[in-house]
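Two complexes, one shared chain (chain A), two partners (chain B, chain C).
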Partner chain A sequence: MTDQPFSIDRDTLLDAYRTMKTIREFEERLHVDVARGDIPGFVHLYAGEEAAATAIMLHLGESDRIASTHRGHGHCIAKGVDVKEMMGEIRGKASGACKGKGGSMHIADLSKGMMGANGILGAGAPLACGAALAAKRRGDGGVAISFVGDGASNQGMFLESLNLAAVWNLPVIFVVENNGYAESTAMEWAVACDSYVDRASGFGMPGVTVDGTDFFAVYEAAGEVIRRAREGGGPSLLECKMYRFYGHFEGDAQTYRAEGEVENLRENHDCIKIFRAAVTGAGAVDPADLNAIDAEALALINEAVAHAAAAPMPGPEDLETDVYISYA
Partner chain B sequence: MARNLSMNEAVNEALDQEMARDPAVIVMGEDISGGTGAPGEDDAWGGPLGVTKGLSVKHGDRVMDTPLSESAFIGAAIGAACSGLRPVAELMFVDFMGVCFDEIFNQAAKFRYMFGGKAETPVVIRCMAGAGFRAAAQHSQMLTPIFTHIPGLKVVFPSNAYDAKGLLIQSIRDNDPVIFFEHKNLYDTKTDVPEGLYTIPFAEANVVREGGDATIVTYGQTVQRSLDAASTLAKEGIECDVIDLRTLSPIDMDTVLESVEETGRLVCVDEANPRCSIAADVSATVTQEIFGSLKAGVRMVTAPHTPVPFSPALEDIYIPGADRIASAVRQTVAN
Partner chain C sequence: MRVGLVANPFSARDIRRVIANAASLQITDRANIVLRVLACLGACGVSEVLAMPERGGIRAHVERGIERARNTGDERFAPVRHLDFPVTGTVEDTRRAVRAMVAEGVSAIVVLGGDGTHRAVAMDCGRIPIACVSTGTNNAFPDHREPTVTGLATGLAVTGQVPPEVAYAANKRLLVSINETEHHPALVDVALVAERVVGARALWRPESLRELYVTFADPSVIGLSAIAGFLDPVGRREPEGVMVDIAPLPADASRPDTSPAVRIDVPIAPGWLRTIGVRSWSRLAPGASRVPRLRAGMIALDGEREVGFGEDDDVRIVLEPDAVRTVDVEACMDYAARNGLFRRDERRALGAGRPAGE
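Take a look at the complex of A and B:
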């Protein structure tokens, strides 16, 4: 296509769409499977927020590291963690990414640079600083991304990490995924500053706020702060304003929401619909190609579920292994 | 060749030699160099008690002063350990563990298991512990059982300079997270320390005195106090095995059980508070495993279940002394 209206080539656009749709299908399927009683434990869904993880991760290589959150499925998929292994892990199966020992809140694949979803809010920020320190010492231009929600952005360890990253000039980007709610509590009430840009400047680093439902806005802003970090310019904070389609966790009755709120989000603020309209409207991608990806994403998730459902549970012999590397 | 070194010097030497041997080893902490960004001298402090003095001069930016921000830099040490470095982070006093504990017990300790055996976190967290320094309730605790309670952590507590060097080198080379205790009352005590690199394996207790009538099990500052008690008791005809555990996780229960099977009498000495302590743990294990070998009830000599007092008059009786240890041994032998 000669009149490509975006700075991103067609193949990358298709890849981005595939990632977003894979995350969406993964989460929509989990929503159904949790309700059916097929999934043990807590599950926090990323549906509605796909553009942020996808756009940011397009700028990263496997050696770049991310520290994720409790709402980590989207980060995992966008960073390249195998969806079959993810689905197995969420079902507690031996085939899981962590042999069933971690579950939804602890999916990790260090070989892909994914340092783990995290059940402790804000705990990933210091870890990302450490990964960034290692990258800085290697001198290979590597970066680390710390994902944090608007709720955990009030945690001491997150705020301490902003300061440490600035003092040590670390190649780390703090991405605040602001979906408006810390569990059931409104971000406007719980975050005392007017904007995250102010919070960033208080720690001596650039802060950028973007519409997290706009894939292209996130892609551009993330590209800028990641480039800056790779070139030795130090840390930045990137706030993505976004919406979650489901509750804090599956089973959340969401009585804190306004009436019609979710319906409005799905109708008017769906990042995948917005992406699709943009790329097809501009003639950059043929709708038929996107339809084909829709079918492939759904098939992939169906396959992952079938694989996970058929996989064995870990055995009693697995209970006490993997605590230490050496036991003496 | 061995020199007579203080524990302070032995720890410094272990860090220096391991940094020279392995470029992945970095050292970080508050004021471990000291004077960073200030107009005066570089390496102004070398840690609050001078333990890391000179390391930044030799190893440059691999010795990193940190902001006063334990949660961030201990967490960063753990993140760096998962990313190819072997950080040794100094948390000045173990009493400060409260402000960064999540990164230790929910992150470092659990990565291996939670991630299905695919994570390695070779971090060492050094911290000062113990009473006798007139440092009061928030700078004098032991807190050892808090760490031994957590699967995934290794816990090391040397009682002398020789052990400190060998155990610290082993800790740095170990691929699991290690909490390395340094008793601040022991920093100036001297032993012969070899010049070269050597390691002391974990889970190998040191039988520092052999007796046969009773077994005293302890670690840290109370090792010497137990030896003093054993000397006194020997004059009364009571001969004691004194066992220095050296590592608390993993713990060498075999050596303890072997000794108690022979003596039939056990006194556990622990500077930590008594409830759920190392002393209580060793007592329970011995009772469960070899109850039939016991000739008397197990006794514990510990700190009282109070915070560490400031007044020297109170602090001196807070720490288990040789008199109390000897008295407990006499009671168990009398039964």
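Take a look at the complex of A and C:
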């Protein structure tokens, strides 16, 4: 009814920007630190895709669960996992979110509803169905989100999960983060039905495609599918079309990319630039406030790196701790 | 004789699938529509179809369908050539393709999409007629019809078997000008909304709606134009349009009722009936310029939020007559039937230069 320029209040806009910027600085720093040899194991960066995780997670509470992917840092940060603990985990330090035993692809924090990044493609989908079933049985209005890439969406587990979610009418949303490449293979070479919306229709649930580089497009669409799931309306699929600025993994030679592709993406399709232009252009936020957040995000990442660098490695005595859990 | 083809793989994919049970026509079905149209164009003697390149799957399925038919000795499809340029997956593909089709001298452009796709084609096609096939969400501009018939009518029209004065119809459009420098056309409706984001593009929440301008007001279509259609029907071929001044209803039902003059229930999306408060409405005369009352907000063109404007901007809206030409399918088919164009016992059938019985 009011003629507010945005349906989101100013503080939330600033929080969203802070989250996106923190993810960006986190990933940009990892890109440097991997090349420097400071990081053990594989790292897959979320830079360029920040708007999707941020916009979706704004609709979730801590008790809502998410199941992430191998490219999970952005999901973790947006879901509230401690950045210092994440940096420690990626460096294999005892200060890490999983005490340094998981690394980049297995960061989890159940206290934040983050069930884990996942090194197995598509494996988050059945986990999200489980969390959604639990929420449905509890009747607490909770939802679960399964993030999956365009490549992993062809995995049997993912397709089985769509089926299960539909027949059990689970409060789960399958977010397909379509960054155009399954490792190095473009979608049209690998996805037989050509459209994730068609795929969702085949399982009897609605599907939506949004511009994943537009925070507000994702925010609006995610708000609708999450509200629907909370109210018992069942599962849906949300495809976010987006771009990643780096390779599939750090070290990927990216010979499948066209010349100038990444430069064009950074110049014209950067979700953070797009957000910034939208909120400052409409006068909703002062650019100086965003500049201050830029500095805060950078400082936070520097602090996280220093903290992780100084932290000890897990010792031999930690080898068998936190490996199994007793339900007795 | 060449015909252009724009088949949008991304229409009917927005949030209205979730909130309103809107259809989401499958890519393979869109490809099948293209094949049906190609068969009809081929039967009428169209020599080549220039198609927009895309990577949403339609092209792959169409090429597969043609190859499979050819393997079985079936050559009924008009030859297709996809234009050669890098695909962006955005509306720019449509606009670039249409400009290339115009440069190559197509006689008509067959369009598969909703109001938004047709609007994008109309931005660049000039006087070249559009043959409309609805595969979008609201589809107020393209009428609902089996594409086989649209393909036949188009083929008969472009090959001159139906004379142009019968085959093509004139359509109005709305032109939004901002500071006399930016110009944005719409085929069906221009809506002014209070919020300032493009967001998910589609409009499905009436709370933010403030003003509505329509080229025609048909009560038998859905979408924003139905608001005007339910108040004051105006046909596509009539000269005037309609402007509706919206009185937003309080989101909270317990708040004091501001009692707008009229409340109507309108399907602003498929199956999505919303109550709209209306302060007043009036006819738009062709050529007359209107200045909106809303001072800052977003302009939605044919149902999708597109352009923002502020208090310093000079916004004007004009209804233009005879701005877009379309293939008049009913008129073509009626003429063809009355003149025996479908009869095989005549001198020849359908395709010009193609002997009967071949």
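The rule we apply is simple: the second predicted complex is superposed on the first by the 321 of 328 C-alpha atoms of A that agree within 3 Å, B and C clash if a C-alpha of one lies under 4 Å from a C-alpha of the other, contacts with A are read in each partner's own complex, and residues count from 1 in each chain.
We adopt the following convention: a contact is a pair of C-beta atoms (placed from the backbone, for glycine too) under 8 Å apart; a residue touches a chain by one contact, two chains touch by 3 or more.
Remember, it's a predicted structure, so these values are computed and weren't measured experimentally.
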Worksheet item: Overlaying the two complexes on chain A, which is it for chain B and chain C: clash or fit?
Response: fit
Item to complete: Once the structures are superposed on A, label A:Gly260 by its partner contacts, choosing first (chain B), second (chain C), both or neither.
Response: neither
Item to complete: Would you check which partner chain A:Ile120 touches, where first means chain B only, second means chain C only, and both and neither mean what they say?
Response: first
Worksheet item: Touch check for A:Phe216: first (chain B), second (chain C), both, or neither?
Response: second
Discussion item. Quick check for you: in the superposed arrangement, does A:Gly139 touch first (chain B), second (chain C), both or neither?
Written reply: neither
Practice prompt. Would you check which partner chain A:Gly315 touches, where first means chain B only, second means chain C only, and both and neither mean what they say?
Written response: neither
Item to complete: Identify the partner contact of A:Gly37: answer first if only chain B is touched, second if only chain C is, both if each is, neither if none is.
Response: neither
Worksheet, complete the sentence: Check: chain B-chain A-chain C angle from CA centres, nearest 10 degrees, reads 120
Worksheet item: Could you state the shortest Cα distance, in Å, between chain B and chain C after the structures are superposed?
Response: 24
Discussion item. Please report the chain A residues shared by its interface with chain B and its interface with chain C.
Written reply: none
Response to the item:
Interface with chain A, chain C side, in the complex: residues 9-10, 13-15, 17-19, 21, 24, 26-28, 55-58, 60-61, 89, 194-201, 207, 248-251, 296-297, 308
Worksheet entry | Contact set on chain A toward chain B in their complex | 65, 67, 96-102, 106, 108-111, 115-116, 118-120, 123, 125-131, 133-135, 137-138, 144, 156-157, 160-161, 163-164, 167-168, 321-328
Fill in: chain A residues within the chain C interface of the complex
1-7, 186-188, 193-195, 197-198, 201, 206-210, 214, 216-217, 219-221, 224-225, 228, 236, 241, 278, 281-282, 284
Worksheet, complete the sentence: In their shared complex, chain A is touched by residues of chain B numbered 26, 64, 66-67, 69, 71-85, 87, 99-100, 102-103, 106-107, 110-120, 151-152, 154, 174-176, 201-203, 250
